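Take a look at the following structure, please.
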Amino acid sequence: MEVGFLGLGIMGKAMSTNLLKHGFKVTVWNRTLSKCDELVEHGASVCESPAEVIKKCKYTIAMLSDPCAALSVVFDKGGVLEQICEGKGYIDMSTVDAETSLKINEAITGKGGRFVEGPVSGSKKPAEDGQLIILAAGDKALFEESIPAFDVLGKRSFFLGQVGNGAKMKLIVNMIMGSMMNAFSEGLVLADKSGLSSDTLLDILDLGAMTNPMFKGKGPSMNKSSYPPAFPLKHQQKDMRLALALGDENAVSMPVAAAANEAFKKARSLGLGDLDFSAVIEAVKFSRE
Amino acid sequence: MEVGFLGLGIMGKAMSTNLLKHGFKVTVWNRTLSKCDELVEHGASVCESPAEVIKKCKYTIAMLSDPCAALSVVFDKGGVLEQICEGKGYIDMSTVDAETSLKINEAITGKGGRFVEGPVSGSKKPAEDGQLIILAAGDKALFEESIPAFDVLGKRSFFLGQVGNGAKMKLIVNMIMGSMMNAFSEGLVLADKSGLSSDTLLDILDLGAMTNPMFKGKGPSMNKSSYPPAFPLKHQQKDMRLALALGDENAVSMPVAAAANEAFKKARSLGLGDLDFSAVIEAVKFSRE
Amino acid sequence: MEVGFLGLGIMGKAMSTNLLKHGFKVTVWNRTLSKCDELVEHGASVCESPAEVIKKCKYTIAMLSDPCAALSVVFDKGGVLEQICEGKGYIDMSTVDAETSLKINEAITGKGGRFVEGPVSGSKKPAEDGQLIILAAGDKALFEESIPAFDVLGKRSFFLGQVGNGAKMKLIVNMIMGSMMNAFSEGLVLADKSGLSSDTLLDILDLGAMTNPMFKGKGPSMNKSSYPPAFPLKHQQKDMRLALALGDENAVSMPVAAAANEAFKKARSLGLGDLDFSAVIEAVKFSRE
Amino acid sequence: MEVGFLGLGIMGKAMSTNLLKHGFKVTVWNRTLSKCDELVEHGASVCESPAEVIKKCKYTIAMLSDPCAALSVVFDKGGVLEQICEGKGYIDMSTVDAETSLKINEAITGKGGRFVEGPVSGSKKPAEDGQLIILAAGDKALFEESIPAFDVLGKRSFFLGQVGNGAKMKLIVNMIMGSMMNAFSEGLVLADKSGLSSDTLLDILDLGAMTNPMFKGKGPSMNKSSYPPAFPLKHQQKDMRLALALGDENAVSMPVAAAANEAFKKARSLGLGDLDFSAVIEAVKFSRE
């Protein structure tokens, strides 16, 4: 199977490498073209613009850094739109909001192309291991044709219906994560301030019905006030805000998520936005007593 | 090793049976004495009052339904206090608040006895399987002498320092649980009202860093609006309240737990107090649109 | 002084009438021109488009129903932009968001015109009585030249700096109002459910340091579950959301406003969006006990 | 009319002085007897114990510093209980919780005496000016016989039903006050961080439907970060906690009060507990940006 691949950041590089390793013919493009070299060593072809990749390949996957980059790759000169047409499929796996997805979908389908949004859950390590979770939505037939690629990239892919649903589902997952992180932070601080060991609390949680990889992975470093940024707090807070906005649209009152969002905002105001989102515990801890 | 055992409710019966199976000599007492019969079949002896059990055994474990029962067994006529003395140890594994534990501790140690509080995390099934988590505090030497029994009853036992710390740790664990349950509920409702499948959300959560037995166990029935009471909502709310009170004592601001507590209160006002605590999702769901 | 006046809704009609009564020469325009008749009886001239009004008058005031109408009157065919030029001033007193104001400002000043935004606090009655509070921002000189008109329309006008600040100040005032309304609602319900008279609570509040026209005006009808819409709940909730978004931009954590916003959202989900914002008390009251 | 008066702190001294000025015969007692001297100059008699005052007077009013003092004056040696009997009335105007009131009521009525609790709203100045608000509950006949005294002490007195209702009503009033103070604080901080003048916000609020003596009185000093303690923050937070507990009893979910309570707790943890409760704005302000 032949696929185009746009965007060779940390995620894109790992994903396109996996496709090559599994026998796909891959044609890559990256804004900084020199980043393509390593992929070429693994057998990839290179094009000089997104449009050329689209022209050459029936299926093109994109993995870009943010909504702005995702839009630029489609709409700018030399972009996807110049060559997309009937018979071609475009699969954008970048994390973008529903509006961005809808805008891209409209443009692609307006030219007769087919579109799937496919944001992923999971970061660098799962990308390298082909263990991402793919939250796809849009053109059902294109989704099904993409399954051989998705099977290489992820451990599971979901088809969620119309364009925008992938973005929404991701927001909801991240909202739960943000509230859970606050629940966890409050518990750790309460243990500590009550004269109990927060390390022992981690052990106890790990043995019970709430045990989960996130508590296990982040708890020990939180107890050492160390927050190397795997998922930056400011991005987590942005996702909470967007999930609350989704709740606003649908008249869902979510007081716990709202309280968690305000805690992340407090953490931002304390200058913690670029640290890992687990640094929200610092907003709970903060006191002068 | 010979132990006394006071209280043969669901938990106490499972626990004392385990002790018998592992070769302990067990002398039991229960308020309704007929409940002792089954234990006798397994080889237990019976006494007619807590005081007699204490008199007969060097170590006595209690597993009673609530603080009121725990106090009554110690202070009433025929109670523990009448026979407790130097050389004897009393281990109360009932779930009680820190004040109750402290009151019992004072009385026991005032007579020269030794005391350990040991509330457990886990309910019927873990009790039967000897897989409880034991949150012990109080007399360190007595804790250590109790380890052979604790090893039969639980998969892990923690010594948490002074009397009251066991009760406090349990509150903190339950507070995290209550906030997490709200985070989960809000996410499930948001998915549903946004046109996404809340069953698919469960699948996605199950594959990611937040996967945990509680979501896995309760999610499917929550999506079916079924809440068979494993841990009644009104008890969960009471524990949230007590954990918030502990935060108040120690000047720990916990806005997410406070919001979760108000959601449980709303659920109580909707008449859901006797259902499982996962019924809090009904307070999130409730609308007239 | 001669002024143009665009928009003769409830507010605009009252305001332009006041200007006429105080000796201003007023040229009016309204989308439905027949609405101008009454003003003509009071001595107003009429034009057939916003552009004509601008052409005729050095100063033009607009009072339109929403951001959409405010933009349309400026940018559509026959709109303000066609005639605005150096030497002319445009004062938009509609309630719009900061972005809308900025967009209009950019267009007007791009043509050499001057712009003041001047949203008001107060509705029909204060408009008729010339008792509005005017939250102006933008061109300082134009603001000063407008004072004779503002003095007729309002009891006080504030100059708040750059364009957008009027809109922001209004959001902040409304955010405080929304949180206060929730504080009040919770107190009234708590009194009632605790066996106290919520009418007596109103009397007590009225005698103390918190006495204010809003509690006095809305309390008695809230206690009768009557919510004739002076300020619709859905608009109040939208303003809370926008104020929270302003807090997000500036990293201000506002947990009380966030909780109040979620209560308004719950009220919306209960179908109360078109009632007065005081109907949020129904979300507090709701129970099945 | 002859009355006894127990407790000559700031409040009690002002109140008993007012009674003397209005022609009441007053017999006073205070723990530190020397404090009685000034009252004697105004014509008061003195007794050496609460019991003696009760013996001498048909009606005795108490104004003590806290629940502990209120209980001690009744139950200790030389206390009220020693002489209270049929035909005598005891009116405790101290601010105490409902339980304390109920305990005192039970003891007094057990001896045949009559009891009214009458906590007040208002502090030193209103006490001196006879402008307190009296929240009375208990024996209706005694309340009515006390009206001549209440008319001297306060501008209005309410009879709220059974003992405990006075205390509850006061908590509810203070809960609304605490939430309002948070609403106000968040608005002031948001204005400031959004580049608006928080002093101008005060002016705008003062002209609108939310204008109230509390905002007017405390706003200017809050904007100067000055918090001279009129009502200490730690007492406000305690009242929020007790009001939330009253909500808990009656299954009233109050998310805004809960959020406000956590903000006061955060302020306590920042070392602000002894300042005025308006210092909660510091918890909103706090940031490192």
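Going by the order they are written in, the chains are A, B, C and D; count residues from 1 in each one.
The rule is simple: a residue touches a chain if its C-beta (ideal position, glycine included) is under 8 Å from a C-beta of that chain, and two chains touch if they have at least 3 such contacts.
Bear in mind the structure is a predicted one, so any value in this text is a computation, not a measurement.
Chain centres were defined as the mean of their Cα atoms; on that basis the chain farthest from chain C turns out to be B.
Over half of the residue numbers at the interface between copies chain C and chain D are found on both sides, making the touching surfaces mostly the same.
Mean C-alpha positions place chain A and chain B at a centre distance of 39 Å. With centres set at the average Cα position, the gap from chain B to chain C is 55 Å. Multi-chain contact residues of chain C (touching two or more other chains): 247, 251-255, 258-259, 262-263, 266, 269, 287, 289. The touching residues of chain D, counted against chain C in their complex, run 121-122, 133, 135, 155-156, 158, 160-161, 165, 168-169, 172-173, 175-177, 179-180, 182-184, 186-187, 189-191, 193-197, 200-201, 203-205, 207-214, 217, 243, 246-247, 249-260, 262-263, 284, 287, 289. Across the interface of their complex, chain B is touched by residues 241, 245, 247-248, 251-255, 258-259, 261-263, 265-266, 268-269 of chain D. Chain A meets chain D in the complex at residues 255, 259, 266, 269-271, 286-289.
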